[in-house]
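Below is the structure I would like to discuss, written out as C-alpha cells.
Chains: A, B, C, D, E and F, in written order; residue numbering restarts at 1 for each.
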Amino acid sequence: MKVQAFIEEMERLAPPDLAEDFDAGRIGLIVEGTPEFSTVCCALDATPAVVKEAIRMKAGMLVVHHTPLWTPITAVTGSTATLMRDVLPAGLNIWVMHTNYDRADEGVNDALAELLSLSDVSPLSLGRIGTCTISPAEISRRLGCPLRVWGTLGSIKRLAIVAGSGFDPGFLTEAKERGADTFLSAEMKHAVARSAPLPCIEATHYALEAPAMVRLADRRGWHYIDDPPVLHTLP
Amino acid sequence: MKVQAFIEEMERLAPPDLAEDFDAGRIGLIVEGTPEFSTVCCALDATPAVVKEAIRMKAGMLVVHHTPLWTPITAVTGSTATLMRDVLPAGLNIWVMHTNYDRADEGVNDALAELLSLSDVSPLSLGRIGTCTISPAEISRRLGCPLRVWGTLGSIKRLAIVAGSGFDPGFLTEAKERGADTFLSAEMKHAVARSAPLPCIEATHYALEAPAMVRLADRRGWHYIDDPPVLHTLP
Amino acid sequence: MKVQAFIEEMERLAPPDLAEDFDAGRIGLIVEGTPEFSTVCCALDATPAVVKEAIRMKAGMLVVHHTPLWTPITAVTGSTATLMRDVLPAGLNIWVMHTNYDRADEGVNDALAELLSLSDVSPLSLGRIGTCTISPAEISRRLGCPLRVWGTLGSIKRLAIVAGSGFDPGFLTEAKERGADTFLSAEMKHAVARSAPLPCIEATHYALEAPAMVRLADRRGWHYIDDPPVLHTLP
Amino acid sequence: MKVQAFIEEMERLAPPDLAEDFDAGRIGLIVEGTPEFSTVCCALDATPAVVKEAIRMKAGMLVVHHTPLWTPITAVTGSTATLMRDVLPAGLNIWVMHTNYDRADEGVNDALAELLSLSDVSPLSLGRIGTCTISPAEISRRLGCPLRVWGTLGSIKRLAIVAGSGFDPGFLTEAKERGADTFLSAEMKHAVARSAPLPCIEATHYALEAPAMVRLADRRGWHYIDDPPVLHTLP
Amino acid sequence: MKVQAFIEEMERLAPPDLAEDFDAGRIGLIVEGTPEFSTVCCALDATPAVVKEAIRMKAGMLVVHHTPLWTPITAVTGSTATLMRDVLPAGLNIWVMHTNYDRADEGVNDALAELLSLSDVSPLSLGRIGTCTISPAEISRRLGCPLRVWGTLGSIKRLAIVAGSGFDPGFLTEAKERGADTFLSAEMKHAVARSAPLPCIEATHYALEAPAMVRLADRRGWHYIDDPPVLHTLP
Amino acid sequence: MKVQAFIEEMERLAPPDLAEDFDAGRIGLIVEGTPEFSTVCCALDATPAVVKEAIRMKAGMLVVHHTPLWTPITAVTGSTATLMRDVLPAGLNIWVMHTNYDRADEGVNDALAELLSLSDVSPLSLGRIGTCTISPAEISRRLGCPLRVWGTLGSIKRLAIVAGSGFDPGFLTEAKERGADTFLSAEMKHAVARSAPLPCIEATHYALEAPAMVRLADRRGWHYIDDPPVLHTLP
C-alpha cells in the first residue's frame, strides 16, 4: 500500500479537523518512513517495546493513539534518539489519531461502551452514558485492570464513561444531571474526588482507550500490539 | 486567643514567603471570623463535614492545608454559598498553610517520612529520600489507604517520597539519580507511568498529606478532624 | 416567589448576553440566598446601609446595578466578610444587572432621558441625544446633585447624555458630529476636558444611573432604597 | 542658551529615572526645535493657546508637565498637525517633566503643600500629609477652583494631598492610617467615593498641579502661561 | 483639487481594507497639509530628498508606498523633526498606499510583471507567476539594479515574482509547485537560501516596487520623483 | 574520544550561558549519536551535503554553527526525516555552538577581523571595529564572495564588522559614533539602507561566519567541510 492512499483512508476514518486545537501538528504522519508497505501494526502508545515488535513483524506503518513526540523538540537526544534510531532505519511510518479519533464515529468511547455492553447509549460532552448490566467486578475483568472506587457504589444502572482522563468537575456534573449514577474514567485528582456528585470508578487510561485500537486492528486486519502498564493493587 | 497573635505564631511556623507564586492570595486568613477564640480545629480540607464538626466543637479557628476558595470568585453561590452560610454566622476563622507549609521545616514531607520510619533522610526538589525498612503492605497499613503499584517492585531500600501530587518526570529522574529504587506519591498519569525510570507506589493525596496535619494538631493541642475520601479497590 | 422564576423574568428584562465581556461572571445571581421570597428591594449599589435596610424590610431579594464583588476574591475578609455576615444568614439573594441593563430597552439611559424630559431622542454609541427644554439649574434639581460645568454653556438645544462614566473623547466627537451642543455625564478627566469639542456638564455617577433603578422599582412594586453619596460644592 | 546645556540642567532638577515606567519615551525633549534660545516659557499643558502665546513671546523652549503626544502616533493629522504646524516652523522646543517631577524634591506635591501652608509635612506613597490651618473656602480660593466635597467634613487638622488624579483606595487607606482626617485630590470615581474611609475634597487636576509650574517659572525667571480649564458649579 | 475628493479617489484605487492588519494606522493620509492643491508628486519612499523636491515643485500632495512614520512615536525629534520641519510649513499632504496597493488590481506585482513583459500571468499568495522571455541581464537592465543569483540558473521559462521582501520558504515552495523554475524578489536570508527549492534572483526592494509608482504617476499625470538607493557590486 | 569529554572541552571553549535566550535548547548536543569517536568534522551548516561528507569520512561528531532543528518539531518528516535517516544510523553526533560562540573569546567576529587583517580592534555591541588597510576588492577576494556596496565608499580607514545578519539601525549608529567610516555585514534591508549613516558593504552570511569555523577546525585538527551557497552577480 502507498502512504498517500493510506493517509486518505485514515483521514476519512478520523478527520483531522475533528481534533482539539492542542493536537495541531501532533496527529497524522508524525514519522515519515518507507513510501510503500504491506504490513500495518497498531498500538495505544509507540513505546520502545511496541516499536521493536512492529519492526520484528516487518511492519511499514504503526498506527497509535498517543504521539511519542508530544513536547516540541529542538534536539534528537535521550529517549527520542533511542526511538528514532530504531524507527528511521527500519523505514517505519508512524500515524497518530488522537482527539480526532476520540470524536470520530465508532471512536474510543464507542468501543469502550461496546466492551462494557452498555445499551441505550447517548453522548456526553466527551464521553457516553448508557445502561449497564454488569457488575464492577466484571467491569474490572473486561478492562483487564484493577479499579479504584471513590465514594460508595450503589447498584449501577446508568453509567457515564469517559475514555482517558475524564474526571473533570464539569463532566461529572453533566453526567449527574443526565441521570448517571456512576462515573467511569481514569486519573482521578484529590480536589475532584472531594466534591464529586456521584461515585466514581477509576480504571487506567490504557484500559479505557486500548479497546478502540484493538477493535480498529481487528476490523482492518492489522496486528494489534498489546503493551499495558504493569499494575497491581495492595493490599 | 486573639486572631492577630495566632497569625504571628502561624507565620513563624510556616512563613508566607516560602509559598509558591500560585499561592498568592490563597494562603493565610482566607475567612475572617471572630476576633478572639479558644478552640482550634485542624484538617486537611475545609469540607462541609469538617466545617460542621468544627462548629459543633465551638471552634473559632480552623487550620487547613487546602483552601476552599482556590478559583477566584465574583459570586457567592452553589457550594461556596453553602459553606459560607455555615462558616460566617458561626464566626469561624479559616487559616490556610499550603506550599509554605510543604517547605517549612517539619512540614508535610517530614511528617510523612516519620510516619514511614524512614532513616538517613535527605531532601529532594519537592520531597525526601530515605532508607525504608517496612514492606509495601505495612506502608499501606500506616497510610490507611489502598495502594496501586506501577512497574515491578523489588525489595525497597531507598524510597523517594513526595507528599501530594508528585509523579513528575523530572522528580522521578532526580530520585533515580539520587539512588532511589522506589517512588511514592499520588495522582499518577498515563504518560508519566509509561516512561517512569523506577517502580512507583501510588497512594492518595489525602493519605500522604494528612499525617502532617495530624502531627501539627497533636503538638499544639488542637483537634484534628479526619475526613478521608471513601476509597476501595476492586477486585 | 421562587428564585428560578424571578431569574427567568429578570433575564427577559435585561438579557445577559447584552452585557460587555468584562461583566462575565459579575452579573446575575451573585449571592445565593433563600430559594423563595416575597419582598424585593432595589438600589444602585449594595452598600452596607442598603443591605441593612433590605434585611430590616425582610427582603429576600436585592436587585442592584453594581456588584459588590467586582474584583475576583480568594478570601472572604475585611469589608467582604462584613457584608457577607449580614447577607448570608438573612438569606438575602443579590441580583446584578449592569451593562446588560444599560443596553436593554427601557434601560438606564432611557430612564435618564425621561427624567430630563428629552424629546426627539435617538441613540448614541453608549447614550442618547435629545432635545432639551429645561435649564441647567433644573437639570441639577431633577438629578438631585450639584453640577460642574466644563467650558462655556450656551443655551442647550440638543443634549447628549451618557449615564455613568461617559466622558470619552470618542463619544464626545460622535455627539458633536450628531448635532449635540452640550454633553452630560460623570467622572470627567483633565485630559478629556482639555480637548472637549463641546461644553460638558458633569453630574454624579449615582445621580445619572439611580433614576433607572427607581423607575424599575416603581413599575414592579419593589422597594427602592436610596443611598446617594453625600456631596456638596464650595464655594 | 544651548539645548544640550538646558537638558543637563533639567535632568538634574528632575532626573528621568525617577519617572514611572509608563512615561518611557514621553518625557524629556519631545519636540526638537532651535538648538539655541534665550526665552523659556512654562505651562501645565501644551494647549494650542499656550503654544501660540509662547511663540508670540518668541520663546525657544516650552516646559510643560503633560506631553501633547501621550498616545503613540503613526500619523500627523488633526489636532497634532495643527499643533505641529505652529510649533515646528517657530523652532519651539518642548520639554516634558511628568512623574519624574512629581517625585523630585521640590516637586508638584511640595509646591501644593506650600500653597496651602501645610506644616509638619511628611510624605505619603504619592503625596504628602500635613497640618492644615486654613478653611475649605480658603483652600478653594488659593487653588482658584470650585471644590466638590464627598462625605461630611469635620474641622480639618491633618490633610492628605495628592496632586493630580490621586483618589485611589490604597492611598486613601494609607492616609487614614497615617492620621489624616481629610483627603484632597482630583478626579473622584463613584466606586472609590462609595467606600472612602475619610471625607474627600475634589479640586481640579489643573488647580493642584499648576502651582508647581508657577513656582518653577518664578524661581528660574521663565514666563508662566496660565490656561486653566473653564469651570463653574451649579447651583 | 480638494483633499477629501482625492482621498475618495485613492480609496477606490487601493481600498484600505485590502491592507494587512499591521498596516492599521500606517496607510492613508499620514500627514495632513493644505486642504486644496493642484500638483501631486509620487515616490516609493518619503526620503528627505524626495520631500525637498516635491516642495520645490510646489506639490500639495505626495503619494508614497512606504510611510515615513512606521514606528509609533511619542516625540518629534531627530530625523522625524527634520522631515516635519520641511513638510508641515509647506502644507504638503502625504498619502500612503502600502499592502492595500500591493493587493489592488493593477498593483505593484502587476506593474512588475508588465515591466518584465511576463505573459500568461497568474497570481501567487503574494506575487505572480508568468512566462518570461527575457534574459537575466535584460531583467537587470529593466530593473536598473545589479542582481545576485542564488543557485544555478537554467534558462528561465516560468518566473515567480514577489515585489518587495518575498523570499519566504512557503512562497518558494508554492512557486515551485505551481511550475516556476526561477524566483525573483529582494532581501534574501541565509537560512532561506540554504533550502531554496529553485534558483533565486535577488534584486532590490526599490527596483521591484518603484515601477508600480512610476506607472501610477504616468497614468494620473503626477510627477514621479526617483530616488533609488546608491548600489553597486564588487568585483 | 568520549562524547562526555568532548562536551566538557566544547563548553570551556564556548560556554552555553554566553548564548542569547532564543538559543535555549538549540545549542549543545542536538543529535545524540555514538558515545565514542575518533574523527570530528566541522562546517557552518548541517546541510545534506555536509552530513553525507562527514559520514563518508567516518566522522563520529559534526560541529556546526547553525542547528538544523531551529523550529521546534512534533514530527520527523520531510527534510528533517531525510537528514535524520542519514545521521542516526551512522551514529553521527551533532554539536551546535551559536551565539555562545559569537561571544566567546576568539569567536566568529575575531576570526573575521583576523581574516581581514584589521588592526587596533575593539568591540562593538555585536561586532568589532578596526583599522582596515585592504581594498574592497581584496575584501571580496578574501571572503570568497561578491559584495554589494550601499552608498558611496570613500577610502576605508576604520571598518565596523558584524558577522552574520548585523545591519541593525542601532548598530550602524553605534559604529558611526565610534568612528567607523564603513560597515560590513550581511542581509541588508531596504528600510535600513535608506537611513544608513555610513556606507555599507554587504557580503554573505556564510562568507562572514565560515572563517571562524575554518580556523577552529585548523586549530583542533578537525576536517572542515566547505559548502558555501552558490552565488554570482549580474551584470
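A few points about this structure:
Rule of thumb we're sticking to: a contact is a pair of C-beta atoms (placed from the backbone, for glycine too) under 8 Å apart; a residue touches a chain by one contact, two chains touch by 3 or more.
Everything quoted here is computed from the prediction, not taken from an experiment.
The two copies, chain B and chain D, are related by a rotation of 120°, based on C-alpha atoms and rounded to the nearest 5.
Counted by residue number, the contact pairs of B-C are over half the same as those of D-E, the matching pair from D-E, A-B or E-F.
Between chain A and chain C the centroid-to-centroid distance comes to 53 Å (mean Cα coordinates, whole Å).
Chain C and chain D have CA centres that are 32 Å apart. Inter-chain centre distance (chain A to chain F, centres taken as mean C-alpha positions): 46 Å. With centres set at the average Cα position, the gap from chain B to chain E is 65 Å. Counting only residues that touch two or more partner chains, chain D has 70.
The ring of touching chains, read from chain D in the direction of chain E, comes out as D, E, F, A, B, C.
The touching residues of chain B, counted against chain A in their complex, run 45, 47, 66, 70, 79, 136-137, 140-141, 146-152, 165, 186-191, 193-195, 204-206, 229-235. The part of chain B that touches chain C in the complex is made up of residues 25-26, 28-33, 67, 69-78, 81, 84-85, 88-89.
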